[in-house]
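Read through the structures below before going on.
Both of the next two complexes hold chain A, though its partner changes from chain B to chain C.
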Partner chain A sequence: MPKYSQTINLEGHSGIHSEEYERIVFTRGNYTAVEITGDYNVIIINAGCRFDGRFIVSGNYNKITIHNDVNFNNGILIGADTDASVGVGNHIKCLGKTFVTRDPNDYNDHSNYALQINGNYTHWEGSGMNTKVALQTASSKRTYACVIGRQADGDAVSAPTKWCIVEKTNFMVLYDGSSHGAGKLALLVSGSASDIACGHLIAGNWFGSLGEYDTSVSAGQDTTGGGGMVELNAGTTRFVENHIQPVYTGGINLGVYGKRNIVLFNHVAHGGSYGLQLYQDNCVVSGNLIYWNDAKSSSTSSMNIGSGVDRAVVAGNRGGNRASITDNSTNSSVSNNELGAL
Partner chain B sequence: MSDNFFGNAPNHAMPFDSVTYNGGTVPTTAGYHLVKRGSYGDVTLGTDKCIIEFDGGCTLDSLRITADQCVVIFGPKLRIGPGDKSNGMISIAGDRNYVYIGPDAFVKDNGTPNARDSSDQGNGMACVINGSYNTVEGANWTSILQGPHSAGAAYNNGGTAIHNTFKNLRGRNNPNEGSYVSTSDWHASAPHTTFYNCLSDYASPGSGNSANLGGYKGSTFSLGPIAGTGSASNSNGNGYGSKVLYCYADMSGNSPYGSSTNLPTGSSANNNFGIQNYGAQHSQVIGTYLDSDGETASLGMYEPSTLIYGCIWDSPSNMQQETTGTCVASIFKDPSNSNGTQENNIAVGGSIIALTND
Partner chain C sequence: MPDTFNYFSHQKFTPNYIHGIDGEYENVSSATSESACTSVLEAGNNIMFTGAMGIIDFSATNEVERKEMTYKTGSSMTGGHYINGKHTTINVQAGASCMRMFIFDAAYGSQINAIGGADFTNINFVAPGNDGVTVATDDTVGAQPYTFQGTGHETSVVHAGEMTINGSGSGDHTRGDTTNGQGTFHCGYEHYDFFSGPSDHRLQNIDTDYRATSTGQSPDFVDIRNARVGMTNVAKRPNLSGSQPNVNPGIFCTTRNGEYYYLTNLLAADTNWGQWWAGSSGVEKSHLRNCTNSGYTDADVSQEAFESYFATKSIWNGNQLLEGDGHSTLEMGAFYQYRDDNIGVANSFEMLQLASQNLWRIDSGANDVVTYGNSIQSNNTSYGDIKNDAADGTVTGNNSHT
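Let's look at the complex of A and B:
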């Protein structure tokens, strides 16, 4: 039997895996740090696995299926920290209850991520609400549950990450009970790429813990730390059919800062400031529910279109509670939005 | 380590009914089969409920499914072709089948494209669905279909194929080939075909081709019959009720596969290669982005009762629809007319604001 025909049964074996074209099964058990450096593998993570070290996929074009009740307790990195051309084309698919987080004891001094997607063409596919990517705040630290195209030092990778799919996952940043930290986001997409076509599809996700509105925030609830929930900096991102409903975001719920973004059919509520902020040209925002801001205040717009924005479409949305949109753009179509108290 | 170890040992992810190794014959019976890395020639599934998982690095000459309710899961680095099969390199004639194409896959047809008046169902097409309720899904845009006439098509000249879906796939035509107006990366030529997050690489027919060599490009997404006699809209099949959802087309000069500037001259068809709808009433294009980098690329819905919603196309060309069409919340240059409902669009009157790097 040729070697390439064998199935590798890891049985709790951690470390680097450089196999190629293999069928690798992580059987139920506890693992420390794991790095998949090989290419073209079919990798199956069985139900009940627990990874207490970081799980890194720096190989290319692997198909990874995560079965039920799997915990990644010290984060996942797909690719390399500073290079979008590493860890390319991997498809990670969750079938059941999956939990991805990071141990606060291992936080660096700057930006901390539970799920760091840097490799081009990555497809992260959750199983729905049962796939949770969550990070706790920490004093003076930034906490981003998921990033696409960001380095651990907080900078964007120099050549932006492109062509990713992120879908069917619940992302959140939770208050640790003592500090809201130094900035947070549930999702940050490729900084410094506002006028570069990156072509991501972000679809069918939930952002925030989906708790009910509460002015008193306890440990384990959505943090009020500044930053917001979702920030889209990459050009030509399609952000569709997502749900953003945190208890208390602190910051803007959905920041659209990349050119030619398409934002359709999302539910966006409870911005600590604006529900939606649109700061780039040639974007389409339509078919969304964007409402309730500043603790349901009617003094702040649910939607804000910045000055300097040229030729944007913001139409066919339901917004509130304020009965108007803050619009400082030029040559835009901002109309047919139903606004006011809900 | 015995063959059966992988199939039936406890505490493994999948119990398989069989394991096939390089050079063996892929089982086609009902059941759950594992196929290891290797080469397997032509594979035809003629028995219902056959489920096969292929490991990474498998090579086939073709895959044809004539049965129903089969599931075929390809691992990474699948290779099918280049080859020439009359039904297409991947062809699905049954109903309710599912095919997953893993990362870094390449399915290529290098056959002669259908003539514009041909009723053949697979010439020059990498993946053809002739049945109903089937899905072909890629891992991401590294799962590639390529054919001179079509990368992926849902088509049946008897008109019985309905409700098929292509998802997360990348498609392109072959350089320097084509077949007049019917050449397209994606064809919704059967009713209720859905393309979800599919990418068109465009691929130029090449500047050196003459009309006789078929150096033409029809469109990136074609809604309607696969071929026509006299015009594209009077042949068999139609794309009634088809949808293009959250798709993406790159026909810019930055595309490594050729841009719209490389077309031969001599046919008006060369001026329309965005999304073209001839013969697909009640179809929709939603949340779709077309990057032509300032080259010609139109979005034309030349049939009744169509919807264009939430799209952006970077193009100096036009949007066109019929009097019963609706186009809202989209960005383009200028409409060709005032047909139908046109609300909340931005007609930029020129190239939209440039991206520095796409």
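Let's look at the complex of A and C:
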């Protein structure tokens, strides 16, 4: 059969789609659970579509374009829950207002993700701040808005997910009004893979709902109490030109826990604990603006480099609050940073 | 949003469009007038245009939110387009041409996507603030940004004409075309653009169908990326008398007192320009990244290149200012770290015709800035160096040479 020989219009047709090399259009309306198991399809999701069940892409090399005002109300999984070799090379591109979340009524008892990227070579391309991936907290449950290489049971995928691009998206975890839950992150990149060259690129994203600092957290505000905003646990990850700005936070805004990570030109505001914590070797942190609101303690450094760190480069950053970096590392170059209250 | 609007309740087979698949209207080729287009737009989302369109006022659809419209390859927008529904998305395919301006008026959360070699004249994102950064637990949470997203330098935002509006009241008052231009991306009405020129040129006087505008209309949260920008002759900008400042558009973006601007991967090659970034000292927390200006601004004394202000907590990194083959005389400086706590790191400059002002200046009132790892090549060791009047930041690791 010639490739791309037909256009398959799916009007409210949920379920499994195993077509290959076709043009598949989600035309309109509400869908329940959908799984794309086929490969090499061009998939269009029309404006106004709603996905009330989970949207899963377990096929390979599909090109998915999401038009304006599409909501994924029960999460997206790219790949499989425990295997990075499933659902590889998919490109998901958003064009306008996109909203990805999970229904708290469907949370499991452990770890809950709105956007779960497990397949290698996944390219998630938001439309900018108009693409929002948000979760609400729930009592005694973990809520991570986006994870790369993470299983539903909370563990890392055993063979880590590699070579993903995540860009131009606004991630956040929102306080549900009653509980901060049991651990929160706007983005968690892999885990148990700090020594492994994973090669992810995290660029041009926003973390937090981007309002100004507010000490009185209320429903709908960002909450990272008991957690941070972003954790990079994969080795050789680039975190470039992102903007972290929750309106409220009790945790570390940016944790750099993978070897050879590169952190450049980010704007990190409103840190609750350290703005940036660096705990692995051979990382580069340069050209970042890291500060928090004046209401925070002036005794906490904007940046913290752990005692086990060897050969870090931390240069050319503007750090707020305390006029020094907490540096317990060895063989590092920590210089030419401008520090002190903003 | 009006209560009567429903995405999935479509009209079918009106004279103005050919019905495609459900939920999607294709080949809207006969919608050449405002009335024809607005009648189509009442239908719903996913509307595709293939014809030539005159002036389109989408406000006639009662500010319907969350629409999406695609201008397909070969279509042309011969008149201005006015949009005021929130979260509107416009897709412009390669080969489509927008000959006059887009105005997004309080259409918070709206976005233009250009695909490949799409062609724009001028884009205006206007409205004060951000309509509130919401803390809802639904899809309205967070900031509601204006976004322009091209695919690369093949996407063009260039006005072909000169800026002939002037204080005497002469000139063409139409909405910007081959005889009138307004810069590239305008974000606000205050002083910098033709909307706020002499009274007879203001928007509400040009066409009473549009709402009257006032000062202080710069939005917060604007994201512009991946395009080639240009304007023909900035010397023809409105030259207002008295206390009014001249209209002096930035080649990449013009705004005033908005916050959170993200300008990324923009190229101004061989074009006239007044400033890179025309923003006031109040444009805080803005990011200028990976932008390049290569050659040509005229040495005419009436069109000096002027300093681009970088306000509090801004970041500018990875930019290039290259002389190229044209005239690039800088008579009034170029980059100005004007407020506290901003960062200029890893930028590269090549400017061999510095005239009388510094390429890079740090204001005496700009405390605690970081200026690190930049490279400057120029014809003048004085003007080509970083002039640091603040002296309390970290200004080091830079290379200035002739």
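By our rule, the second predicted complex is superposed on the first by the 334 of 342 C-alpha atoms of A that agree within 3 Å, B and C clash if a C-alpha of one lies under 4 Å from a C-alpha of the other, contacts with A are read in each partner's own complex, and residues count from 1 in each chain.
To be clear about the criterion, contacts are C-beta pairs under 8 Å (C-beta built on N, C-alpha and C of every residue); 3 or more make two chains touch, one makes a residue touch a chain.
Bear in mind that the values here come from a model prediction, so they are computed numbers and not experimental data.
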item	value
Touching partner for A:His67 - first (chain B), second (chain C), both, neither	both
Which superposed partner A:Ser286 touches (first chain B, second chain C, both, neither)	both
First, second, both or neither for A:Asn46, with chain B first and chain C second	both
Touched partner set for A:Asn336, first chain B, second chain C, both or neither	both
Partner chain in contact with A:Leu210 - chain B first, chain C second, else both or neither	second
Partner chain(s) touched by A:Lys259 [first = chain B, second = chain C, both, neither]	first
First (chain B), second (chain C), both or neither touched by A:Lys141	neither
Which of chain B and chain C A:Lys184 touches, first, second, both or neither	neither
Chain B versus chain C as contact partner of A:Arg322, first or second or both or neither	neither
Where chain A meets both chain C and chain B, residue numbers	9, 25, 27-28, 46, 67, 264, 286-287, 315-316, 336
Chain B-touching residues of chain A, taken from the complex the two chains share	1-2, 4-7, 9, 20-23, 25, 27-28, 39-42, 44, 46, 60-63, 65, 67, 88-91, 121-123, 163-165, 195-197, 199, 201, 203, 235-236, 238, 240, 259-260, 262, 264, 281-282, 284, 286-287, 310-313, 315-316, 331-333, 335-336
Residues on chain A engaged by chain C in the complex (per definition of touch)	9, 11, 25, 27-29, 46-48, 67-69, 71, 95-97, 99, 101, 127-130, 132, 134, 136, 168, 170, 172, 174, 176, 204, 206, 209-212, 218-221, 241, 243, 247, 264-265, 267, 269, 286-289, 291, 315-318, 320, 336-338, 340, 342
Parts of chain C lying in touch with chain A, wherever the complex brings them together	7-8, 21-24, 44-46, 66-68, 87-89, 91, 109, 111, 113, 133-137, 139, 141-145, 147, 149, 221, 223, 225, 260, 262, 264, 285, 287, 289, 313, 315, 317-318, 340-343, 345-346, 368-370, 372-373, 393-394, 396-397
List of chain B residues in touch with chain A within their complex	1, 5-6, 11-14, 21-22, 34, 36-38, 53, 55-57, 75-77, 102-104, 139-142, 168, 197, 199, 246, 248, 250, 286-287, 289, 291, 309-312, 314, 328-331, 343-346, 348, 352-358
